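Two complexes are shown next, each including chain A; its partner changes from chain B in the first to chain C in the second.
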Partner chain A sequence: MADLNGVRRGGSDADRGQLLLVGALSLAVLFVALALLLNTAIYTGNLATREAGVEGTEAIEYTSASREGAVAAIESVNRRNDSSHAMLSSALRETMAAWDDTAAHHRAVNGDAANAAVVGTTNGTRVRQREANRNFSSVGGAPDWTVVDGATGIRSIRFEVNATRLKNGPTDSFRMNVSSAEGTRSLSLYNNSTDDPRALIDGPEGTSVCPAGSVTGGTFAVDVANGSIGGASCSALTRLDDTSGTVTVEYDDGDVGGGAYSMVVNGTSSSLSLPGLASPGTDDPDWTDALYGASIRISYRTPQLEYTTTVAVVPA
Partner chain B sequence: MDRGQAHTLEAITAAMILVSSLVFALQVTAVTPLTGSTSSQHIENQQAAVAEGLLATAEENGTLTPTLLHWNDSAGTWHNATQDGYVQGAPPTAFGATLADALSDRGVAFDLTMHYVDAAGNRKSRAIVDLGEPSDHATSATRLVTLEDDDRLRTQGGSVSGTTLENASYVVDDTVAEQNLYAVVEVELVVWRI
Partner chain C sequence: MTRDRAVSITVNYVIALAITAVLISGLLIGAGGYVEDQREAVVREELRVVGEQLVAGIDDADRLSRVGDPGAVRVGVDLPERVAGETYLIEVTEVRPSGSNPSRHDLTLRSSRTDVSVTLTISTLVDLEETSVTGGWTAVRLDTGGAAHALVLAEGNASSTLALTAPEADLGRETLG
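Right after this comes the complex of A and B.
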């Protein structure tokens, strides 16, 4: 700093040099400040794109996972247990409690409190024929008979059909009629001229014919809920269990069709009319107690969200 | 008088430059390609959505569970994988192919982990795909999967084998012996840019 304190040389020239330096430095600061400002603008832009709302996805996912868990649990208790409705209901509650224990443990790791519990069950009745070599007649041998009357819903209609027993052509072939306030829909099973099984679905929507995908060992499966016949897709089949009000199921010409089948209807054996069926386990075809559906209460809590819902679960 | 003012101005400017350069230097050193920064927030949002979508799709079209069942019962690992899972890429399953298409082929790394609760009630993890340690800006998505007793393990080729989970020595044990419920596991997909 000796020069600055020394004798003025050239007077104002030295001052100008110093001001020039200060000016340059000020400009440098200004540029840095501008850069910071720009960065702030970018950061603000980023903040604006972040989600400000409450994240509800996890609660919805938990609900959907619980529903799937409950569907599997209902199917499991129906399959493993055909005693009283009370036993089925308690087995379902235990299974769902076990499901919820583990699932809630997983969610707790994320800091979310989740709970799913069975709050109610809908009693149903399963109608089935286990003997695959028997025809589709009633327990007394009648070919035209009422399988079930007075039900308020039907689900899980599945056939394991013996293809060799089927009649050729749709006329007077085995037919299942499902009648409700929606109208009467029917499913006819027959072989065509080259002995390939066909399903004919008739109803208020019109008539559809579906060929069976594959016949293995002389049998093929008809799954109404999945809309499949012998593994091939047949969407018209799913109309059959689309019912409202009181449901009646009848078989016509059960002597020209055979195999195993099962379906679950909404209603207990005391409220239903099951004239052509044997008591549980005594003969084929028979009925057993089953769960038709259940209501599950789901609650999900995160620091931002509290979600509670009750869902009705009915397997397909 | 003039000179004193200039000195003061100079000193303040110098101090500001010093502080600004310190701040700037600190910011600069923190930014590396693998550092989480505000500028990668958009991409993080995108990748979180992609991960969530991948798991949702896989669950919906039924390819998620077969990947969990792609288990070599005798070796005690996933088919053709190490004890740490698949360390070189996606598993050879339908879901694995989707992961490869959507992530690895686009330069995005991922880890796929199955979390389960063991008999003692502790939450444990088993890696299905382990492509390394996620970086600071990794995002994750999870999904609950219910496994059932009669779910069948898949063969090396991906077809359904005769071994049910009930009779297999799987990662996790049967939760409810008397019912068909086998276990509830959580699948976690962590994705990050390489």
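Right after this comes the complex of A and C.
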């Protein structure tokens, strides 16, 4: 026993603390694992607050800006040029190319490749009367006449109305009828008993009457796209150009209203029926070639995003 | 008496050894369990963050796909390949098909080893195809081939799928006239 003790005592000197050592080492490993997990948790926090890295917003902003640019370009081209559809289309492409050059440089600062190009145009026809002192009759002088028939859309209807020529009361006053598959909507312009101009909009939705905001120098503007009359809001006006299918525009009692007007319809002069209008530039009212709308192809590329879309642009 | 000598020392030694072993193993088991719990919590948290980033990418693709007549929509989402050292799987399952209402899908992210899963619900106006991809760089692509457009998740790497694709032939200036 004494021998055994002696041996054991000698052996236990060397082995003493073995269990503690193994336990401590295992715990140390666990602590290291915990530290690594803590590190991952911090990384997750960092990841969560990081931007997702997708430039979807920029692409949508660019698309929207291109569309606005194209609307302004179509309006500008139509205003400055009324020669032929080919010339108008060419002018629009050049204008958009100049816009695209500037915009692409701007986006390139962020390392994004952006491009907007005109891929197609929709030919239209502008109907207008420039002479503000003329009444709203046809070129031959007929008070009830068809302005345009066979169009597939209408936009940008604007009048500069001479208030002094308007009839008192809505009965037999000047009326514009816009007929399409959506029904017939009409706009009547007249003065009330105190000689203040009014617009009466009639259609499947009901009847609305809007007073003119201000009359300057005897005239006031009626802007259908904006929904305004003499600067005052008239939301019912915007129903007029809400059409589908074939569109026909007629004037009734054009002799009791006068001023300048313009509108753009979808369709070329060869496909439309324009019996009451003079050839371009010869007399009032007349028609000219115009662009109704355009298709713009937009592409936007970043390291994270590839995006191509074609948007149809039609000014209001 | 002589025969019992040293017995108390041995008993004392064995008891001390046993108590130490019990204490240390208790500590190890407790700490091990704690670390495992923390690990699952961390994996769950990171899968949620990763899932939300993917959802942001899908939302962007959904929004872009509804502008005009889209030709190509591909949104790359740079997700980590591993969460807390494990790979994970992303699974898209349909909850409600698209119709007049936005479609609704469940996005389930599952870690490979701890089997932790996180489910996020996403509503899109463009349909999302049911699919599963492994974690890592993921592209959300618009499939314009079918009758109705649908978004598809695809795995891949950023360099080969987006940055190095050939630019469109007519990306530059349109011919005038």
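Just so it is clear, the second predicted complex is superposed on the first by the 268 of 316 C-alpha atoms of A that agree within 3 Å, B and C clash if a C-alpha of one lies under 4 Å from a C-alpha of the other, contacts with A are read in each partner's own complex, and residues count from 1 in each chain.
The rule is short, and it goes like this: a contact is a pair of C-beta atoms (placed from the backbone, for glycine too) under 8 Å apart; a residue touches a chain by one contact, two chains touch by 3 or more.
This structure is a prediction, so every number in the text was calculated from the model and none was measured.
I'd like to know which partner A:Thr40 touches here: chain B for first, chain C for second, both or neither.
A:Thr40 contacts chain C only, not chain B.
So in the superposed three-chain picture, is A:Ile60 touching just chain B, just chain C, both, or none of them (first/second/both/neither)?
Once the two structures are laid over each other on A, A:Ile60 reaches chain C alone.
When the two structures are overlaid on chain A, which partner does A:Val311 contact: first (chain B), second (chain C), both, or neither?
second
Thinking of the overlay built on chain A, is A:Leu19 touched by chain B (first), by chain C (second), by both, or by neither?
Both partners, chain B and chain C.
Report for A:Gly69: first if it touches chain B alone, second if chain C alone, otherwise both or neither.
In the superposed model, A:Gly69 contacts chain B only, not chain C.
Scan A:Ala28 for contacts with chain B and chain C and give back first, second, both or neither.
Touch status of A:Ala28: first partner only.
After superposition on the shared chain, which partner residues are touched by A:Val109: those of chain B (first), chain C (second), both, or neither?
After superposition on chain A, A:Val109 lies in contact with chain B alone.
Would you sort A:Arg130 into first (chain B), second (chain C), both or neither based on which partner it touches?
Neither partner.
On chain A, what residues does chain B touch that chain C touches as well?
In chain A, positions 19, 22, 26, 33, 43, 57, 94 sit in both the chain B and chain C interfaces.
Across the complex, what residues on chain A touch chain C?
Within the complex, chain A touches chain C at residues 1, 5, 12, 19-20, 22-23, 26-27, 30-31, 33-34, 37, 40-41, 43-44, 47-48, 52-54, 56-57, 59-60, 63, 86, 89-90, 93-94, 97, 113, 115, 117-119, 297-299, 301, 303-312.
For chain A, which residues are in contact with chain B within the complex?
4, 15, 18-19, 21-22, 25-26, 28-29, 32-33, 42-43, 46, 49-51, 57, 61-62, 65, 68-69, 72-73, 75-77, 79-80, 91, 94-95, 98-99, 101-103, 105-106, 109-110
Under the touch definition given earlier, write down the residues of chain B that touch chain A in their complex.
2-3, 6, 9-10, 13-14, 16-17, 20-21, 24, 38-39, 41-42, 45, 52, 115, 117, 121, 123, 142-144, 146, 148, 175-176, 178-181, 183-186
Can you list the residues on chain C that touch chain A in the complex?
5-6, 9, 13, 17, 20-21, 24-25, 27-28, 31-32, 34-35, 38-39, 42, 45-46, 49-50, 52-53, 56-57, 59-61, 63-64, 67-78, 80, 83-85, 158, 162-163, 165, 167-168, 170-174, 176-177
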